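Note that chain A is present in both complexes that follow, paired respectively with chain B and with chain C.
Right after this comes the complex of A and B.
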C-alpha cells in the first residue's frame, strides 16, 4: 500500500511524523512535572503494548501474563542497581533484563509451541507464570532480596555510568528530564524495530501464522520455531520496556499483578490490535483516563476500566485505530483476522477462513 | 500413616473441587469453543451467595441451593448479552469474559467489601475414617462432588440432552444439520457449567477464606485441569481434576504452596508438550 501512496500523502505522513517527534521532544519543556513523569511511564508502557501487539495483534498469540516479562526486566535492572555497584551496572542491568526475558520465553515457548498449545492455553499458562512470579517476589523468604510488598523503589544506589577505569561518573535516577528522554529514545527505538519487523518478510509470516497456521505448515514452515522466535522477541522487548521503567515507577510485586497484565491487554485493545500506532495511543489514552479516574473514584477505576473494556471488545474491536481507519476508508484485516486464526485453532476441523495470499497482499502496517 | 491418609483425603477434596469447576469449563470449551474466563468469578459468587444468605436465612443449605440457582440464572443472562453476540468471534469472547471477570471482582469488592469472609461449616466436628479423625464437612464435600459428578456423567451419557450435547462436541455443523437446536443446548450447558462452579464455590466457602479474588486462583487451577485432561469427553476434566487435585494435595504436604504452584505449572507445561490434546483424550 505504501507503494501506491501519492507523493502528497507521503509528505503528509512525513510531516505528521516530524510533528509527533517534535511534540515528544518538546513536551518536557511545556508539560508540568506530573505530566512529564506520567508520559515517561506511558512511553515504557507503550513498549510493553507494542510487544504484546506483536504477539497478539500480528501473530494471534494472546498472552494474559505479558506483564510478567516487563516485571522480569524491571526486577533485573532494579536488583542489579541494588546489589552490584560496578561501573556500567545500569547497562548490564538493561541487558540482563532483556536477555533474561528472552531466555525464559524461549524455554517456555519450546514446551508450549512444540506442544501445539493453542490460543487460550497459551494465555492461561502465561497468566499462571505471572501469578507464580508474584508469589515468589512476595514470598517472606525473598523479602531481603526483593523487598516484598515494599518493592525496589528507592532502595538502589546511584548507578555508575561510563567506561570502567577510564571514565566513570555517578548520577541519581531522579532527573525527570533524563528519564523522559531515555524512555523516549527507548520507545522510538522499539517502535522503529517493530515497524521494521512487521514490514519485513518475517512480519508477513507472522500475519500468516495468525491467518492460517495450517497452511503455513503445509508450505513447509516450522511454525513452532517461528512462534518461539516471535515470543522471544516480544518478551525481550517487554523486558527492555521494564528496565526503562525502573527509575520512573514503583517497582514492586504489582508488575506481576493481574491488573497490570490486564492493563496491557486493554491498551492494545483500545488502541487497535494489529497496528503499531494503536497500542501506543491506547497506552497513552488509557493511562491518562486511569490516572484521572483513580483521583476521582479511588479504587473504583478498575471497575470502570473493566466495563469500558467489555464495551470496546463488543462494539469497537478494532479500537481507536479502527475508528481512524473507518474515517480514512482503508480496508485492513486486523481483529477479524485474529479471530479467524483462533477459530481455526479451536474448532477441530480446519475451515477455510483467512486467505494467506490475499491478506499478505492487502496488509501493510503503518 | 495417619498423616498420609489425611493427605489422601485432602487430595480427594481438592480433586472434588477441581473437577466440579473444570467440568463446566471443559464443556463450554468443547461445545461452543468459548472460553469463559469469568468462570472463577462464578465460583466466587457461589461462595458469596452462601455467605450472604447466611445472614438472611441462617441456613447453609438454603444458601447453597439459592447460590447455585442464582448464578445459573445469571449466567444465562451473561450468555445472552455477552457470549451470543460474540459467538462468531471466539477470541473476543475470551476478552469479554475476562472483562466480565474484572467487573464481577470489583463489584464484589464494592458490595461485599475487600476483607476476607468466613462461613461456618454446616457439618461441624470430625468423623472417624479408617482410624483417623477427619473433618466431617470435607468428607461431605467429597461425597457431594462424587454424587454430582456422577449425575453429570449420567446426564451426558444416558439422557437425550446429553446425547445432543455430545453430538455438538463431536461435530457442531452436523448436529445442527440433524436438527439439534445448538443454541438451546449451548445455553443449557453454559447454565449448568456456571451452576457447577457456583456449587463448588458454595462448598468451599466454609473451608477457605472467601475474598473477591478467590475465583482467580481456582480458575487458573481449573484451566490446568482442562489442559491436563483435555476437552472432548466428559472424562477429560474429571481425570484432569484427579491429576491436579492429587498432585496439589501431595506437593502441598511436602512443600510450601508457592513451590506447589510452580511444580503444578511445570507439570501442566510438560503434559502439554507430551500430550497436546490432554492426558485423557481419545487417541
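Right after this comes the complex of A and C.
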C-alpha cells in the first residue's frame, strides 16, 4: 500500500517514474526507425493488455475475445475517417470507437452477467463475439465498406490530431515521431486512469469479486451490475487503444482473429497479472521476442512462441512481475499468485473455487 | 417498527429425497438473541440459505419486518439489512483487514456511489476503526486477510457483519475453530452487539450456548422440535436424545 511506504521509498518511486518517463520521451531520438515504429505499436498493445488485466488480473474474468474491442476501436476510427470529412473528425472517430466498445460491452455484459455466465463460459462467449465480428467485416456484402481481407488499407485519409483548425498534425505511415508521441500520450493517460481505478474503493471491490463474489452479494453488492461496469470500462479502454493504433497498425479482419486476442492474454500472463506495469512490459517483451524470432526462424517462430508461453504458465505463473516481486521480497501480491495459479483461473468457475459451503445444505460440525 | 423482525411461514425445502426443511414456522422479535441448535443435517444452514435468498423454498414465505422477501435476490435481501456470516470463514484473502471491513461497511450504497466513492473521504473509515478494535485486529489492519489464522478470520468475518450495520445478523458457527478463551471473547462481542440487532446464531459449543442463549430453537430433520431457554430445552427428553445426549 502506498500509504504504508516510507518517505525514502516514496522518493525512490518518484525517481524511478521520472527515469522511465524520460527514457520513453527520449527513445525516438536514440532508437532506430524500426524500433520506434515497433514501440509505437507496442504502446497501443499495452493499452489493450492493461484493459484485459483489469478484467482478468483484477476481477478474475478472463475474456478470450478482448482483441475484438481493440478492433471495434480501430474500425470505428478508420470508417469515420473514410466517410466523414471535416475538421476534428479524428477525435469524433476516437470517441465513436471508445463509446462504441462501451455500448457493445454493456449490452453483451447485461446478458452475460445477469445470466450468471462465468468462468470458462464467459471466455467462450467473448470468443464467439470475435468470430461474429470477423464474419461481418469479411462478408462479401460488407466488402465495399470494410474492404474484406484487404481491410481499410489505403481507403481512408490519415487522422489529424492537435487542435482542430488551429494547429494540427497528421499521423501517417512514415510520421514516426507523431505516431510515437501520440501513442505514448494515449498510453500514459490509460495507465494513469487504470492506476486511479485499481487504487480506488471500486478497485478493492474488483479484487473482492475475484476472491469471492458470493460473499460480496451477501454484503449487499449487486455483483452483476459491478461486473457490467468493469467490463464496459475495460472494453472502452481496449477500443481507445484500437483507435490509437490507426494508422500504424493495419486495420483488417485479423484484429478479430483468435491469434490477436490470444496474444493479449499472453502479454498479460508473461508480464504478470494483477499488476499494471506487468501487462505493459509483457506487451513489449513478447512483441520484441516475436519480431526477433520471426526474423531468425521464418516459419518455426510460432512454435517457439507457443512453447515459451507454455513454459511461462508452468514455471512462472505470475510472470515477469512475479520475478521482480520475489527479488524485492514484497508480500503484498504473492499470496494471490499462489492461491490462484494461472491455469486454475483459466478453467475454474469462480463459484466452485469459493470457500462457501455447498448449497445443498449439508451441515458439517467441526 | 414492526413487532416482528423476521418470520417464516410454513417454509419447506426438499433436496431430492431429503426433506431439508419441513413446514417451519419461526418468529424473531426485534433485538432478540436466538440460538439455533440441532444435529448435523437438521437444516440449520439450509434455513439461513433460505432466509438470505441463496436457495428458494418449495413452499412457504419469509417476511422481514412484514415485507415478503421470499423471492428477492441475495443482494436485495442483504440491502434490507440482513447480514450473514458463513459456516466456513469467508473473507477476501487478497485484501487487507481494513479493506475487508471497508467493503462490508460500504455495502449498502448504490452501485453508482460504489464506483465513485473513496473510503478515505467518507465516514466509512471511522466506522471501520471502531469495529476493528472490537474484534481485536487493530494492530494488523494493513495485513492481508490471507495471513490470518482460522479463528482470526472468524473474527474478521464477524467484524464485517458488524461493519455492515445490519438489522438482523445470521451467524453460522461463529466460534468454530476457536480456543475456549476466544470463544468466551466472541460470546461477549455478540452479546454486546445483539442488544440493538436481532441475532440468530447456529452453534454447537455448549459453553457458548450457556453463556449467551436467551432463547434456543432446536431443529431436527428439518422441523422445529423445541423452543425455549437453554435450561428448558436441555431438559426435554427428545432434545437430549437427538442432540445433547450424543454429545454427553
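Methods note: the second predicted complex is superposed on the first by the 313 of 366 C-alpha atoms of A that agree within 3 Å, B and C clash if a C-alpha of one lies under 4 Å from a C-alpha of the other, contacts with A are read in each partner's own complex, and residues count from 1 in each chain.
Going forward, a residue touches a chain if its C-beta (ideal position, glycine included) is under 8 Å from a C-beta of that chain, and two chains touch if they have at least 3 such contacts.
Quick caveat, the model's predicted, so the values are computed rather than measured.
When the two structures are aligned on the shared chain, A:317 is found in touch with chain B, with no touch to chain C.
Once the two complexes are overlaid on the shared chain, A:223 sits against chain C while remaining clear of chain B. Touch criterion met: A:211 reaches chain C, while chain B stays clear of it.
Shared-chain residue A:135: touches chain B; no touch with chain C. By the document's definition of touching, neither partner reaches A:87: not chain B, not chain C.
By the touch criterion stated above, A:201 is placed in contact with chain C alone, chain B being left untouched. By the touch criterion defined above, A:183 reaches neither chain B nor chain C.
In the superposition on chain A, A:302 makes contact with chain B only, while chain C stays out of contact range. On chain A, the surface patch touched by chain B in one complex and by chain C in the other comprises residues 335, 339.
The residues of chain B lying in touch with chain A in their complex are 29, 33, 35, 82, 85-86, 88-92, 94-96, 98-103, 106-107, 109-110, 171-172, 216-217, 220, 223-224, 227, 257-258, 261-262, 265, 268-270, 272-274, 276.
By the touch rule above, chain A contacts chain B in their complex via residues 62, 64, 108, 111-112, 114-117, 119-121, 123-125, 127-129, 131-132, 135-136, 139, 258, 262, 265, 269, 299-300, 302-303, 305-307, 309-310, 313-314, 317, 335, 338-339, 342-343, 346-347, 349. Those residues of chain A lying in contact with chain C across their complex are 1, 3-4, 200-202, 204-205, 207-208, 210-212, 214-223, 225-226, 229, 331-333, 335-336, 339, 354-357, 359-366. On chain C, the positions that touch chain A within their shared complex are 13, 15, 20, 40-46, 49, 52, 54-55, 73-75, 78-79, 83-84, 86-96, 99, 102-104, 106-108, 111, 114-119, 142, 144, 146-147, 160, 164, 173, 176-177, 202, 204.
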